[in-house]
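In the two complexes below, chain A is the common chain; its partner is chain B in one and chain C in the other.
After this line comes the complex of A and B, so read on.
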């Protein structure tokens, strides 16, 4: 969904740039609460993993492809604020080094594929956690559903931005249908990748998964007497 | 459950890095080449031509291809590996810099 230069007009791009700068500023402060000596190294690797996975475009229908955005994935693995930071770095590198995503559209892309997917993904994930049983086995499926919802949500926000500052006169109802429709399909791919990645880490080291912390906090109380302690 | 030995932080990190390098360096060659969702919609709805040339479009790795490397597999794979390492350095450095240092409970 990398928006190139020219799709949105200059005022809109400046506006999205300001929003992105504010979001990254907030994330820089708040990520401190999510990151410690144990989890910080994983965060950089998750960003590298998202970059790599975004290169693996998968077909969705005839003549169309999609790729992971990574909002729900990063939010669940390393926390929402750290997730915004990780994805912002990915989009910055993609734009400057690989000419993928416009430079004037960098703010737009951070907002859509970073802030929106992380926010929607994290809210859906936490909402599901609130109503589902507190079990480790629920973490990856909840992340997958959050991933599925986050992609069409970002597509819908693109349409809103296009309505505000699109450089061509496109009927909004057909644009909405087309954008949300294709991105529901891409969202299915997003859900599958997110499920596999989150389930893999949960299976071997659930203590490293930000979204599993609440589940583990309760479980530790139950198992503590039998164990000699958790190795670092 | 609690008796099984869990892989160390280092082991998890190395596996994640290896998977990222494998995906970007090797598997990316087999990725779908068709336009992505947004570009498909832009083509279908008739605003694809509003796209402007990218200011960094002449860079050494523009378009996920390495300049002057003829072999397509090698060219894309090199670009992918460079991207993984650059993202890792920047994002890793950033998250390492903002982390809490006073960890009491780990």
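After this line comes the complex of A and C, so read on.
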């Protein structure tokens, strides 16, 4: 859910806006290394994909449903810096063209659902890749764990922001419990969907998955003879 | 998790608000909303004045109020939170309809609701009166980095293509008798998601090649 206008006070909103601008600036410089001159068209199409992704509703049961936040998924698919760019543009478009998420809360939304989910997701993913065996089959589970951690992390950062600039006096332990509790559940859903989606992409086009590049670089061309001359 | 995002909000009309330069409208919205957010809680006359300002702008823009009101559903998840506030906040209690609720919480909830509603209405007015293309030009004039404007331009241009692709995939699923009802159906949806990513990415590559073959050097011609 997007943070609307008036949820955090003005100084905090401006502060998060400055942080978001800095993060986007860093991402702009670094994304050129991830995508070179393909940045604009590819990041634009991936941003459109992220936007469409958030429209696919996953039924939870009892008439309720949710959608993917997609931070960790985007980080694993296109890399952390391009991911931050894509998500930031998605929030900008949602705020200006769809009135979803307040314009003064744009920085907060980019920080929480863009920067935090992508960077936490990417760090967890990278950490897991470092300790687990370098195999293609590890990419999807690692992405799932990254998604699982990234969502409650964003909720925890929200609680910190709320403690700094919240406009209503809610006991912080109640808020922390509710926010992190609910977002652990959302994170589980996010993890399952991220796992399934990444696994399906890795099965078809592993070369498109940024997080699988290191694994692919180590693979060598091998010739596998088929048993009866019929290709499987 | 919010609901699905609606279709494009632009409402075609000819009015001073439609004709106003987009960069001024964006700055106006930002300044106005900062003012609203900075207004202390409980200043009800100020909120009434803000609402009146929006009312005047909407009247000038010839956008029917019902058009905007119908699209305020994006606010719903947040209204639920504002309604909960009086019950979870601390402070002296007051009685409302026989229920003991926190007084500061009640005031905070109402303020939040007022600010959020003003925010959604103001953003809706901008979205209804500004074409995506002029919005992009406005952001460029506001010195948003070139690269970011370009990414946004591509996203806006291909948004309908990608969502239409997704829609066709849904029709294909449903024409095969599939309806997602519970988490057991997630694998099918997630695989559609994967396919959508591959199609979007490959389309991005094709668009890039097509641009290169037309002389693209990393900057958009003016």
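Going forward, the second predicted complex is superposed on the first by the 199 of 232 C-alpha atoms of A that agree within 3 Å, B and C clash if a C-alpha of one lies under 4 Å from a C-alpha of the other, contacts with A are read in each partner's own complex, and residues count from 1 in each chain.
Just so it is clear, a contact is a pair of C-beta atoms (placed from the backbone, for glycine too) under 8 Å apart; a residue touches a chain by one contact, two chains touch by 3 or more.
As the structure is a prediction and not an experimental result, all values here were calculated from the model.
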First (chain B), second (chain C), both or neither touched by A:2: both
Contacts of A:158 with chain B and chain C, given as first, second, both or neither: first
First, second, both or neither for A:24, with chain B first and chain C second: second
A:109 touches, of chain B and chain C: first, second, both or neither? neither
Touched partner set for A:204, first chain B, second chain C, both or neither: both
Chain B versus chain C as contact partner of A:58, first or second or both or neither: both
Which superposed partner A:129 touches (first chain B, second chain C, both, neither): neither
First (chain B), second (chain C), both or neither touched by A:95: both
Touched partner set for A:167, first chain B, second chain C, both or neither: both
Chain B/chain C common contact set on chain A: 1-2, 4-7, 28, 37-49, 51-53, 55-60, 66-67, 85-86, 89-90, 92-100, 102-103, 167-168, 170, 174-175, 178, 186, 201, 204-205, 208
Chain A-facing residues of chain B, complex: 1-2, 6-9, 12-13, 16-17, 19-21, 23-24, 27-28, 31-38, 40-42, 44-47, 50-57, 59, 61-64, 79-80, 82-96, 98-101, 103, 106
Chain A residues touching chain C - in the complex, by the definition given at the top: 1-2, 4-7, 9-10, 13-14, 24-25, 28, 37-49, 51-61, 66-69, 77, 85-86, 88-90, 92-100, 102-104, 167-171, 174-175, 178, 186, 189, 192-193, 195-201, 204-205, 208
Chain A partner contacts - residues on chain C that touch it in the complex: 1-6, 8-9, 26, 29-30, 33-34, 36-38, 41, 71, 74-75, 77-78, 85, 88-91, 104-105, 108-109, 111-112, 114-116, 118-120, 123-124, 126-127, 130, 132, 135, 145, 147-148, 150-159, 161-163, 165-166, 180-183, 185-187, 189-198, 200-201, 203-205, 207-208, 211, 216-218
Chain B-touching residues of chain A, taken from the complex the two chains share: 1-7, 28, 31-33, 35-49, 51-53, 55-60, 63-67, 78, 82, 85-86, 89-90, 92-100, 102-103, 155, 158, 166-168, 170, 174-175, 178-179, 182-183, 185-186, 201, 204-205, 208, 223, 226-227, 231-232
